[in-house]
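Pasting the structures here.
Okay, so subunit A shows up in both of these, paired with subunit B first and subunit C after.
Then we have the complex of A and B:
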């Protein structure tokens, strides 16, 4: 008798179709499956484990359009060994994919609400699929407000798309940067400062937040001061992940396994843990 | 003996002199019999072919940071509690190749690892260790994803449990957790070793039909009520003589409310962060995945190996680890064992085997840590 490996531990080869440089260190890769069924179905907010040959495997959010499952899209920032190997891939080269994993944004459960999408830095990547979904089902929602902060104008992801979104009458886009040269015409300052500019009716609003820990912390406080309750706020958490399927223990955060009962959490469910340090 | 008389729950008497027949019966069915044995002055779990492979006539005294083997006045086969190793090393190998990769043009080819599943018989599995297997079953078999290695090995394994008869269970606290010293479930056969005067025998309880089938061949007979009673008294004596205890009343709430208790600083000052406790603990399951390439860069592999939450890397994120202080890592370990585990898996992560106490180089005793937190918890948080 032999033991077969669990399929979720085996990477599926995907071919790089296109690499687009977003910023000095961040790239968006379009991938398609090397063989087998071509569609890769996922829900906004889910992530994959991406395996770079011999280098290792890391969790990366899916940043593409759930309505276009033929192309799997990831936006990756080069911060270390594995992400560097991924960012250096060329068209035609191959990457291993396991997934999709994790609990998605609740986009299909918030009909009728105003939706705030609040992203800091790379946090826009896992929120972009949610935005695509909202725009495709535009009639089902109230106001949609995208609130996005980056370090400098050069660090903004998807700049062309941001321009297109700005041009839409059914979506309001608020962008801010921490610092900029004089030719920057938009806001300067942290994300929390521009929440005021968004239009929403607090009792019937949901907020989806992804960004660095501090940014999420202050954003939650700001939203609560606008009258949102913890039940109306969703955050996406980040932890070290090795398996992505709830077995290796690395992503533990108090009672949670961020890979399987996260990364997206409704704030009221985690508020007792959110502010604790070194958990 | 007639087949119909050998049912689950029936208790038989097997003379110590006939014990070899049990080993032979297991071997003849293709089992690799693993059990306690002495090697280089250590008690480990190894291959048991004959009775003499067991630590016959030896006992072990355990205390915080110490494990001492000593001869016994009698010829008991199982006259000790548990050693450093646990059965998890057989059910979940601490090193395993998940797959190999081979460069192929612009891409690569994945060759899944496949390994023969050893057919183990575990001999002398204590009640706490059965409880530990039940805990690991929750982790590896009951979640959304099943671990196939564990599953295959677990299903094949024949389990000969041992109701504990160790007279000096110095670091044990199974009785306070309800996980021992009597094996309650999860075995094919359960032994109780009885020594009185010149008499040396085992009372064998049948746990499964697989167990009944095996024992049919042995030269045993139905145990008399008096023998059954003698066996029960052996176990009761252990229960009444436990070296330690752990009060688990509202333990999850206790931990959640005392995340910033000063005791964490105090224990962190003693803890070396060596991770021994995680390695010896029969329920600790955390592991990591590692990649390597051969020198030519055309072939590589992905391995998984047991890991420990005591390493700084364990919680590494780009930019730094989450749990940088030694205190936070000890707190993570103990909180996981005794509190968050309950939320995650519906049971405690501790079965009271005492290994982490014995094998801690500085003798940190979790029962003592819990007591200290409990005693001062109210004083710390007067709300």
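Then we have the complex of A and C:
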């Protein structure tokens, strides 16, 4: 007799264990299964559909540590009715979770390479699990460089963790903002400019990028000007995912369903679609 | 003076430059160190120097009466400061202040221009690098204007 697989369309109740305000409109929620402590296995870069009862369902990347599967972590920006309902949840309240869905970052296939993690704004959230993984298996990789940009210092996610990462000898962290007052001690400028300062050997480098479209576009161009090929670049795309399993077509992007074929794509596979408007 | 040549040769702006041209540049070069908070240049001052940064970090700022100094960009090791030195009115348009202890090789602009005018091959080499630098600055500015994190 074969075991029955869980229905991917059926949300599982999760309880909010902790809510942390990251920025003025962004919150990180720690969740655990309502029916007891059960592991929630996922791969870095995957997302869940979070269901705020009475409001609706939205796709949100998992931002926690894959090695701590009992706690499911999501970082959510309040940008609409559903995300606002999620951000307003308090400890002990329940939401529905479906997932994990999607293609993850290729962290288990890039051993021996230098790894550039390039994040813009909220894009650090889906990349954080990848970084956790890389640091847990640190010996398997070459240089690891985290390049993170945001509008202002107040918009940076996970500031304490950034400080901790910055203190490590086996990871170089470059943080930059578009504008800052004169008490800001780090960089001012766009992330693309920081790529010049990163240490990597172009033929043996993989870049993982996540951020707003325009940021990823400029970043890809900059990386290619440094000698990386499209095959060495991975981007995480965001579309209106709905079913999560490639059935409903909401997230169709050219020949792809982002929920099933993405959200992480090797750039050579999508380069013809990347800049195309109204797709 | 001799120790400046290898530093310039290794600097991205001058990398690959013929050694006889490097020697011409070294003739206009001197070392300077700026402690944190010290200005490398200030708005409206005459632009007499072109800075090649080989250690430290510099904030390029614009002063606004209400907000005080606003940092537009930070630059550091491997970068250059003073990309308008080739064009009239040879004035700085912004302030630049050391954020950390910053070591630079400063190049005397008039001396460089004289050498460019005397040796057009040298001038072309320098202009080529300068044009590339301008293109990068242009790209960076466009990206910054695009409000990267706004959508």
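Everything below uses one rule, namely that the second predicted complex is superposed on the first by the 271 of 279 C-alpha atoms of A that agree within 3 Å, B and C clash if a C-alpha of one lies under 4 Å from a C-alpha of the other, contacts with A are read in each partner's own complex, and residues count from 1 in each chain.
Quick note on the criterion: a contact is a pair of C-beta atoms (placed from the backbone, for glycine too) under 8 Å apart; a residue touches a chain by one contact, two chains touch by 3 or more.
Just so you know, these numbers come straight off a predicted model, no measurement behind them.
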| item | value |
| --- | --- |
| Joint occupancy of subunit A by subunit B and subunit C, clash or fit | fit |
| First, second, both or neither for A:227, with subunit B first and subunit C second | neither |
| First (subunit B), second (subunit C), both or neither touched by A:13 | first |
| Touching partner for A:57 - first (subunit B), second (subunit C), both, neither | first |
| Partner chain(s) touched by A:180 [first = subunit B, second = subunit C, both, neither] | second |
| Of subunit B and subunit C, the chain that contacts the larger number of subunit A residues | B |
| Touched partner set for A:34, first subunit B, second subunit C, both or neither | first |
| Nearest Cα pair across subunit B and subunit C, whole Å | 6 |
| Common interface residues of subunit A - those touching subunit B in one complex and subunit C in the other | none |
| Residue ranges of subunit A touching subunit B (in the complex, touch as defined) | 1-6, 8-11, 13, 15, 34, 51, 53-57, 79-80, 83, 92-94, 96, 238-240, 242-243, 245-250, 252, 254-255, 257, 260, 272, 276-279 |
| Of all residues in subunit C, those that touch subunit A in their complex | 12, 57, 59, 61, 68-79, 99, 139-140, 143-144, 146-151 |
| Complex contacts: residues of subunit A adjacent to subunit C | 120-121, 149-151, 155, 176, 178-182, 184-193, 196-197, 211-215, 218 |
| Contact footprint of subunit A on subunit B as seen in their complex | 98-99, 101, 103, 106-108, 110, 112-117, 119, 139-140, 143-149, 151-153, 156, 256, 259, 285-293, 297, 300, 302, 304, 307, 309, 314-319, 322-325, 327-328, 331-332, 335-336, 339-340, 343-344 |
